[in-house]
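Each of the next two complexes has chain A plus one other chain: chain B in the first, chain C in the second.
So, the complex of A and B:
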């Protein structure tokens, strides 16, 4: 009887096909979302098959889309309305190849589907998104989903690519064979979205009809485990079956954090079967996979037709260059050089414009308000602080544009391929480079992206070194220091870009070096095995990129308008009060007398060996919140100091700054050392918070602060002292 | 069995442009399972596109990158150049 364990057959009315213990439980014949409850849909499928594109089209949200596997790494909930105007919940999930999760992102998908996440409702219905160019592999996951016994809607996505590859799929036949709605579409062009919404609006959806018998050698084990799971662990019958299959194929499912532990009886049965098989040498997981593939293979044979055999595709021809061991690197270097060059040349015009607007605003305030502390608060606090940082918006947008271009064309995965070799030298694999490359934009999404890494220790190593990659928040600091370092516009953009490139190189080298160190000491593990799918190249989706840029711009401005504004005001206050007894005291004397001045003097001994004075020290402290705050802090400090009738750019005020003995403060050496400090130091609250969340402890973020900032101090100390000794 | 012995070697040694058939997976259990789940298991045809330390292969129309360790643990029999 055990071999009969299979999903119910909706073809007939009765439940004759069901084994008695399932039929006995009141399994709804057709699952209809109860009218009083909002139906919950889960969006699942292989990585990069277009789930998020579809999710965005349905919900109107703007979740991140990109042409490489592993863009979505956390569940995202959205709402859509049915044809009748009823709300429906949709959960977008990370891509997965199988319910037997191998990495944390796949585990999110598995746990949501199995109803193990307390913060997420268990989905009532499942939307399976398939990559039509790869039907067989897509169906493997669907096959497992069918076991869950929930109504399923299948979306055959990427039909355009399939057609181009000469693959014809008979969607009607597939629908007939599976017994669930099958919708052919191209999410990226909006095709199929209306049909999907219609299908989702149906009050009743059929359960899958596709039959598959658990292979005979395993069937008794499945039956026994299933019975124990439904009786001892209170699982609904079909979930029990799916979970039984999962427990037998995936060791990790047993110890999932946060899920309720299995009953002793179930664990006992599981162990007994495993031991028995180990003794017999039965490869149960292989048998199970093969059996599923056999049934899928027959299905695919009947519903697909190859209209022509494919020669090398365009992607193959492009790949011949882009992942070539010589040309590939050349292209990679060119892309990077182009990025830095455009940051200096293209951004110049909008930056100058914003600069002049900020100055004009300052002048306007000065001319309209009467002199006094309130006016100074506006000009020296708010405008100098926030304005000083907003001018760097164009550069940040250019950076995000480039990263967006890499992500949406499919180059990201190629960079991972190219980097696999150097990464293997430090003990990681090429996949770890995707989070690192993403960290050039911002370490937070980069650290999230490490969820695609299978090995826990490798993932931790990647998290630890990711913030060393120079992120967009360092950009304003680098740019300000380069501007102070190299006065005048006479110098070619190439030199400035070169210095910047050096800083990025330093950060990247640091990341590799520390990864090497950690893999050999703290987090030793065997060299990882990498399997990475390279998606076909796609033309860049400028709409998606622009959307993402607008989002980042908004975030940047919001930060400037809230955190940076607040810090600037507080800092202005701290640099203005208490007032020097002599009202005619020079701004220099006044600021030294202020709270900030006194506090700065306390830490000065610590940073003086690096060539920094207490004013820079104040910037180092405030920029613990976020690196770009350094720039606004310099704006406030040197704005306050510059006195009343000056709205010149900060860099001019900084260039004029001197030590008490009259020696210039921002010598070229100090500017460089300060940049190096920001390359290495851990100066970002949000990163600390995300590392805490992702590693589930304070240990690693604290360690990260210690090792990064410690390194920053040591490297800067060495660089400054060496520079001084050489006469700079 | 056919008369000429078919050379059996790890995937990383398959020359670029040649096709082989997967005959055995070594390596840890989780890895083997995933390779099979991706349709890359025993009997799958795999064409090496390029690569020395990191390999790029074509399996069932998908491009899959494998690092050296992964390519070492997949054993293939070389098929004659014409068979594709």
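So, the complex of A and C:
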């Protein structure tokens, strides 16, 4: 173990303005390149230790933070400025437990650190974030980073939680032992950020001093592999050593090598050693891991002191209820019910207000402009289309508020834990539930989040079923149909929330059912073991949640103002032209004569068995872009059709819609069937694009479109025909 | 504005909308550093 030698001159690097404890560790044993090039820092550490919180504090960016492991799944480069105003690059990375990556998100971290990513500069310096409440485990990963031989700054984060748990860590002692700056901090409260920026501003940083002795039986293999890796595979010397150590720790070579294959020579050496040890009965992997942990354990023992022995923490006591096999489910159900109930009750006032503003705008345009195409374009195209969808902003924000609460308190991980039992019935583990739960907001981040799943087949199954979870884009469709289905305020919000809950349940059950099916047929693999960290509960970060809501609101409005606006305008054209030869023709006749009307008639036979007419069909087609476009399309179609004196909300126009024979179009049965269609159908371009990228082929997104839309049609067919037979 | 002028203006707007949809990708410009550009990505505005 390194001796605790303090450098004689704290200002050795000529920066006397540093806090003494940072300067104390400053004696450089190897000068790092203080060139003009922008220094690149990597932010690494275990999942959920606060890397992104620090990253945001340093760069001013607003990357997503949440209280569960696996929030960040892709690298993110940000820029910060040193104390002297010089730019520095910082890469925020997914959390990892080891450089031997078990899941795709950990592989991102490994590849960036080992300089394998062509699109990312190799970090010059590493900021290791440690969770002070879990020092020993945090240090294991950091220990591997030390092998890379790069200058390191250690941040001892979550000091507040450690203190509350009665753990005292001597940061100065740790600094002396590691030989690198150690900064105690609380990233959420901004503590330690200034010190970190100061440390990062230094032209020179020391290399880690803490070394460990590779166990004697393994050492020759490390040397031989290192030589082969640097000569045969072109790895830089220090990376070669780190990689050799990893190869000798993990049975699964792919976890270390990833997509950069090893040369035949290296593989030969590795196999020869492994065989030799197998013959001797040497547990090489275990020996290496143990010797690392021994070294860390001694270190931790020396720097940590427990000020009091602890009974069960508050989190443990709360968990006794929240992950209880009965109470846990009750709480879960209550939260969901509360969510839907507030979507109907709380959102009503802002929704009515927006509704009235949209209507007033329509009236104003009508009264100020003379009759003509341009006026119709504004009222029936733009205002009916965009206004029809903007009305649902409050509900979407409420949904995001709830999801934000779940994510920032730490309940997300508990929900996953609770779900582990039902999930294992279908062959997945609870970890898959985090992406699924995230898909209630939007399938895209949900699909990204599957990167934390270790088994490739399990991950694929989760990707395939994630879009079945009802996302926020379905919310406007459900709400419109429920409003059409249950006119007025005759029925209590509870009934509406109940129908909504049913749709969410249907989607979730569908996801489970298909996961079960896929695990049994296409993507068989052994049932996985669930290892999921339950983070301590934290008070919700309302500022973060509000900011996220503002971001989503902006995104929603931007979408409404661009894509939805353009689609509405084009749809207005398609429902207005070509004009009927008789200018006095009724709107019904005119719209049937239009391009959209003619196209609709072509597709009508396909959807008539589901109880849908061609107008709904047009909505189904346009909403391939995104589901909420259905709502704006209905606004345009029924706006055009209602003719000039219509300012009533779309739902009234829809309720009045009839088939040519005079039978009502939107019967309660049709409304329900239409909702069910949207539960199952794959109607989202962005999701398709993400699935293509994450699975690296067109095969799976195409399969997904086919199976989801096929299911939607079949289920709706069965439901509609059964409903009809029962007399609805 | 008379009906003919309105028709011309309306058709011009429709044409703009079509162009906007067709060249959506190019209008948005290529995104830097961010590999996805998806809805999950928070806005990248600097606070300072």
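In this section, the second predicted complex is superposed on the first by the 685 of 728 C-alpha atoms of A that agree within 3 Å, B and C clash if a C-alpha of one lies under 4 Å from a C-alpha of the other, contacts with A are read in each partner's own complex, and residues count from 1 in each chain.
Definition applied: contacts are C-beta pairs under 8 Å (C-beta built on N, C-alpha and C of every residue); 3 or more make two chains touch, one makes a residue touch a chain.
Everything numeric here is computed off the predicted structure, so don't read it as measured data.
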{"item": "Chain B versus chain C as contact partner of A:64, first or second or both or neither", "value": "second"}
{"item": "Touching partner for A:208 - first (chain B), second (chain C), both, neither", "value": "neither"}
{"item": "Chain B versus chain C as contact partner of A:421, first or second or both or neither", "value": "first"}
{"item": "Which superposed partner A:192 touches (first chain B, second chain C, both, neither)", "value": "neither"}
{"item": "First (chain B), second (chain C), both or neither touched by A:140", "value": "first"}
{"item": "Contacts of A:179 with chain B and chain C, given as first, second, both or neither", "value": "neither"}
{"item": "Contacts of A:540 with chain B and chain C, given as first, second, both or neither", "value": "neither"}
{"item": "Parts of chain A lying in touch with chain B, wherever the complex brings them together", "value": "97-98, 100, 102, 133-134, 136-137, 140, 165, 167, 249-251, 285-286, 289-290, 293, 310, 315-316, 319-320, 323-325, 413, 416-417, 420-421, 424, 429-430, 454, 527-536"}
{"item": "Residue ranges of chain B touching chain A (in the complex, touch as defined)", "value": "27-42, 49-50, 52-54, 56, 60-70, 73"}
{"item": "Contact set on chain C toward chain A in their complex", "value": "1-3, 5-7, 9-11, 13-14, 17-18, 20-21, 24, 33-36, 38-40, 42-48"}
{"item": "List of chain A residues in touch with chain C within their complex", "value": "59-64, 74, 76-77, 119, 369-377, 442, 444-445, 448, 548, 551, 554-555, 562-563, 565-567, 569-570, 572-573, 686, 689-690, 693"}
